[in-house]
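Shared chain: subunit A. Partners: subunit B in the first complex, subunit C in the second.
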Partner chain A sequence: MTAQTGTKIKVKTLNKASVIIRATLLTLTIITIYSFITFDYKGLNLLDSVIKTAKMLPTMLFEPHFKHFTFLEALYKVLVTMGLAFLTTLFGAVIALFMGLFAARNLTNNTTSNVIRGFVAVIRAVPTVLWVLIFAVGAGLGSVAAVVGMSFHSIGYLVKAYSESFEEMDNGVIEALKASGANWWQIVFQAVIPSTITFLLSWTFLRFEINFAVAVAMGAAAGAGGIGFDMFMASMFYSDLREIGVITYFILAFAIMLEVFASRLKRRLKLNA
Partner chain B sequence: MKTLLELRQVSKHYGQETAALSDVSFNVKEGEFVSIIGPSGAGKSTLLRCINRIVDASGGEIFFNDENVLKLDKAQLKRVRRTIGMIFQHYNLVNRLSVIENVLHGRLGYKSTLAGMLGLYSEEEKQQAVKMLNILGLQEHTYRRADQLSGGQKQRVGIARALVQKPKMLLCDEPIASLDPNAAKTIMDYLKTISATMGITVLVNLHQVDVALRYSDRIIGVNKGKVVYDGSPKEMSSSMIHKIYGSEAGELIFDHGGQNAG
Partner chain C sequence: MRGDIFARKKMNAFVFLGVLILVTLVAIVMTEYNVAKGFTSIPKAVHWGFSNFYPNGESFRKLPDIMMKLKETVLVSIAATSAGAVFALVFAIFGAHTTRFNAVLGGISRGIATVFRNIDVAAWALILLFSFGQNVMTGYFALFFGSFGYLTRAFIETIDEVSGGSVEALRATGAGYFHIVFQSVIPSSIPQMISWILFMIETNIRQATLVGILTGTGIGFAFNLYYKSMNYHTASLVVVAIVIAILFIEYISNYVRRAIL
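On to the complex of A and B.
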C-alpha cells in the first residue's frame, strides 16, 4: 500500500495488532461503565462516607499519639517488618537469579525456558497473601508461612523480570565470548550479569518495596508480627485512629528511606564500573 | 607454506529454501591475509561463523589445523575455538567492564569454569594482557570503562582480546564498517602488522573493495553464497568487481584505478 497525495494520508495502517488493541480497550471501557452503573452499594451514601473520612483524616494525621507501645517499641516492630521484607527478597533474588538464567531464551534451549516460564506464571497468578495462607496450612499461621509464601511469590516475579533483562542484552557479546572458547557459566558471570546488573538491582529494589508493603499486611493477616500486627490491633481492636496515624508515619518514613537508599546505590553503580 | 584452513563444499541452509552458502571451497595458508568481499547478504558473515561453529554448517567439511571442525565434540571445539580469535563490527565488548577485564576475557577458554566465572587470572595472563594493550597503544586506557572509548579504541580492545588467546587465526567480521576512515586505516594497519609480525592468519570480511585490494594477499569474492572469485588482488579487474557485486559496469562508487595511485 502506498500513500497517495491528494487524498487523506494515514500515518498508521490498520493491521491485526492495532485492531486487537482497539477492541480490547473498547471492551474494557464498556465493562467499566457497566459495572459502575450496576454496583450494589448496600445503602452506602457515598457523599456521607467521603465527609466522614475527611473528618477522620486530620485526627489520624495531626494528632498521633503512642498509647499501647512506645517509640522504641514501634521502631523495633518496623524493623521486624523490614527484616521480613529483606529476607524474602533475598531468598527470592538468589533463587530467581539462577532460574532466570535458565528462563532467558538467549541463554538456554526453548524447552527449559518454557517449562520455567510456565511454572513461574502459575506462581505469579496466585496473589502473595494467598500463597502465605496456603503455606500456613502446613506451617501454621505465623512468620514461617509468611517467609515461605512471600519468597515464593518473589521468585515468580523476579524470574520474569530477570530473564527479560537477560534477553535484552546484546547477543554479540555472548557470541564474542563463545567464539573465544568460554563456557556457559563463564559467559554468564563475565558478560551477562555485568551487563545487566543495573536492571537486576532495579527490579530487586522494586520487589523489596512490594515485599515491605506485603510484610505490613502479613503482620495483620497472617500473624507474622511486626508493625502490621500493631496496626491491626489499633484499628480492629482499640479503634484508635491516632495510633494508626503514628504507625502510618513510621511506615512512610521507612518507605522513603528505602527509596533514597535505592536511588543512591543505583547512581553509584552507574558512575563506577 | 602449510595450509591452515581448508573448506570443502561447505553449505548452509536456513530452513528448506534459503541457502546462505552453497558449495564454498577454498584454502588459506598459514600467515596469509585474506579478504572476503561481496554484497550485503551474500553470506560473508555466515561463512566466518561456520569456521568456528558459532553457526553450524549444513554440509561439507572444514579443516582447521588438520582437524575436521564439524566433527569435534564439545571439549575439542573449545580447544579449537580458543586458537581462533574473532573481531566484530560492533566490537561486542562488555560495556560495563574495564578495558583490561575485556581483554582478559580472551583467556576464558584456557581457564577452569570457576576461575573464569570469578575472573581470577594469573599474573602471567595479566602481563600478557598489558603487553597487548601496549602493542595496540591503549596503555593509558587500561582501567577505563569500555563504553567510554571511541569506536576505533573499542575495536583495538577487541583485537587485544583476540590476541591474548594466542590465536593461529583471526576472523574479522566487518571490522571497520562502523569506523571513520582514519580509525579504519589504523585498525587495518594493526591487522596487517599483526599478520606480518606474529605470523597470524587473518580472514577478514570487508565492504570496502579498495581496502581489500590494498591490504590483502588474496581476495575471495562471494555472491549469493557462492565463491565467484579467488585470487590475488593484482588480477582483480573492474569487470570482476562488478560481477561480485552483481552491478552494471560503472555503477559503483569505487574507482578501480585508484589502487595504484595510492
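On to the complex of A and C.
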C-alpha cells in the first residue's frame, strides 16, 4: 500500500499523434514570429494605419452612396458576377463528373485513377487568377477568359469531391450489376449517379457559393467584369470609400443569401438521403 | 401508384433540366459570353502555352528574386492563418452551442464571423489599400480577416461535432466552465482544428497571389510584373515556383493529417 503513494498515475501518454500536434503548433508559432520580424514594412506606421482603418470603416459602412452607377446598375452588375459564377460551375461540374468517374478507385483501375488525381492536384495548385490571366493572352480580357480560367480550379475541386462521393458508395451494388452482365456505362447511369446524386448536388452548390466570391475577385484583378470590376475602379481610380461601402453591401447580401440557401439545401438533402 | 412515382420523377428531372438551360442562356446573354470563342480559345491557349509559356535559360537568372518574393508570400499566408486561428478559436468557443455563455453572445460572435467570411479577401485588400497603401501588411490583414471568418465557422462545427457528450458528462461531475473548455473541448477538437488550419494555409497562398497583384507585393506582384512586360518565360517560372510550393505544403499537410486524425 505504501509503495503506491509515491507513484503518480500517468494521465497523458505521449504518443506519435500528440508529439506531431505539438510540433505543428510550435512550428506555426515560430514561423509567425519569424515572419513579423522579417517583413519589409517599408516604414509603415502600424498603429497609425490601424487607427486610420478604424476611422475609415464607419464612413464606408454608414455613409454609402451611389456615384458612378445607380442601384439598378449595381444590381445588374452583381447578377453578371452571379452569371460568371454559374457558367463556371456548370462547365466545371460537367467536365468534373466524367473525370470524377475515372478517378474513383472502385470504378477504374489504379493507374487511371492515379494519373487523373495527379493531374488534378497540379491544376488545383495554380491560383485561379493566374489561369484567367494566362487565358486572357489568347482570348483577351473578358468573360471568356474569366469563365474558362475559373473552370480549371472548379474542375480540380469537384473531381476530388465527386470521386470521393463515388468511392463511399456501397460496393455490393456495383458487383451485383457486374455479375448480371451490365456494362460500365449502365452501372454508372443506373447505380452510381442515382445513389450519389444528393452528394453531387450539394458539393456543386457549395462550389457555386465559392465561385461567386472568386468571380468578384476576378472582376477586380483580371478584368472579368461584374461588380468586382466596379469595386476595383472605386478603390484604385476614384478612391471613393462610400461607393466601396455600397458595393460591399451588395456583395454581402448576395453571399449571405447563397450561404443560407446552401445550408438549407444541405439540410433537405440530408433528410432525403 | 408505382407508375406515378416514376412519372413524377421524370417530370421533376425535366423541370430541373429546363430551369438549368434557361438560367444558362440568361447567364450567357448577361455576361456577354461568346460560346464559340469559349471552345476555340482552349486549343489556342494550349498552342500558345507550349510555344511561349515555359521557363528558358534567361528566366532562371531571376530565380533568386522570385524565391525571395515567394518566401514573403508563404510567410504572410502562414502568419495570417495562425493569427486568424487564435481569434477564430475564441469566437468559436463563444459561438458554439456546446460552449457558449448564452444565445445572444453566441449569435453576435457568429454574426461577426459571417460578415468577415462573406467579404472576399480581394474586397478586403481593396478596402485596406486606403489605410495601409501598397504594403505587405495590406495583404496580411486581408488574409487575416478572411481566415478568421472561415476558421470560425469551421471551428464551431468541429466543437459541436466532437465535444457534445464529454461536455455534458463533465458538467454533471460539477466541473467549472474553464475546466470543461481547456480539459475537454480544446484537446478533443485540436486534431480537426489543425487539419482546418493546414487547409487554410494552402488556400491562403493561392489567395495571397491574387492579393499581391492588387497590392503590389509578394509573388503576385512578381507575376504581374513579368506578365505585363510580356516576359512570359519568367512569368511561367513564377507559376512553376508557386505550384511546387503549394504541392510541397500539401504533402506536409497530408503527412500531419494522417498522423493526427
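Annotations
Assume the second predicted complex is superposed on the first by the 233 of 273 C-alpha atoms of A that agree within 3 Å, B and C clash if a C-alpha of one lies under 4 Å from a C-alpha of the other, contacts with A are read in each partner's own complex, and residues count from 1 in each chain.
In this section, a residue touches a chain if its C-beta (ideal position, glycine included) is under 8 Å from a C-beta of that chain, and two chains touch if they have at least 3 such contacts.
Since this is a predicted model, take the numbers as computed values, not measurements.
Superimposing the complexes on subunit A yields a three-chain arrangement in which subunit B and subunit C fit side by side. Of the two partner chains placed by the overlay, neither subunit B nor subunit C lies in contact with A:Ile37.
After overlaying the two complexes on the shared chain, residue contacts for A:Thr248 are found with subunit C alone; subunit B is out of touch.
By the touch criterion defined above, A:Leu87 lies against subunit C but remains apart from subunit B after alignment on the C-alpha atoms of chain A. In the superposed pair of complexes, A:Ala213 makes contact with subunit C only, with no contact to subunit B.
By the touch criterion defined above, A:Ile134 lies against subunit C but remains apart from subunit B after alignment on the C-alpha atoms of chain A. In the overlay built on the shared chain, the residue A:Leu72 is in contact with neither subunit B nor subunit C. When the two structures are aligned on the shared chain, A:Ser195 is found in touch with subunit B, with no touch to subunit C. Of the two partners subunit B and subunit C, it is C that touches the larger number of subunit A residues. For the overlaid pair of complexes, the smallest distance between C-alpha atoms of subunit B and those of subunit C rounds to 6 Å.
Taken together, the two structures place no residue of subunit A in contact with subunit B in one case and with subunit C in the other. On subunit A, the positions that touch subunit B within their shared complex are 170, 172-173, 175-183, 185-186, 188-191, 194-195, 197, 273.
Subunit A contributes residues 16-17, 20-21, 24-25, 28-29, 31-32, 34-36, 38-42, 44, 46, 49-50, 52-53, 56, 60, 76, 79-80, 82-84, 86-87, 90, 121-122, 125-130, 133-135, 137-139, 142-145, 147-148, 213, 216-217, 220-221, 225-226, 228, 231-232, 234-236, 239, 241, 244, 247-248, 251-252, 255-256, 259 to its touches with subunit C in the complex.
Of all residues in subunit B, those touching subunit A in their complex are 52, 54, 78-79, 81-82, 84-86, 88, 90, 92-98, 105-106, 108-111, 113, 116-119, 145, 158, 161-162, 165, 171. Only residues 20, 23-24, 26-28, 30-34, 37-38, 41-42, 44-45, 48-49, 53, 72, 75-76, 78-79, 81-83, 114-115, 118-123, 126-133, 135-137, 140, 190-191, 194, 197-198, 206-207, 209-210, 213-214, 220, 223, 227, 232, 239, 242-243, 246-247, 250, 256, 259-260 of subunit C touch subunit A when the two sit together in their complex.
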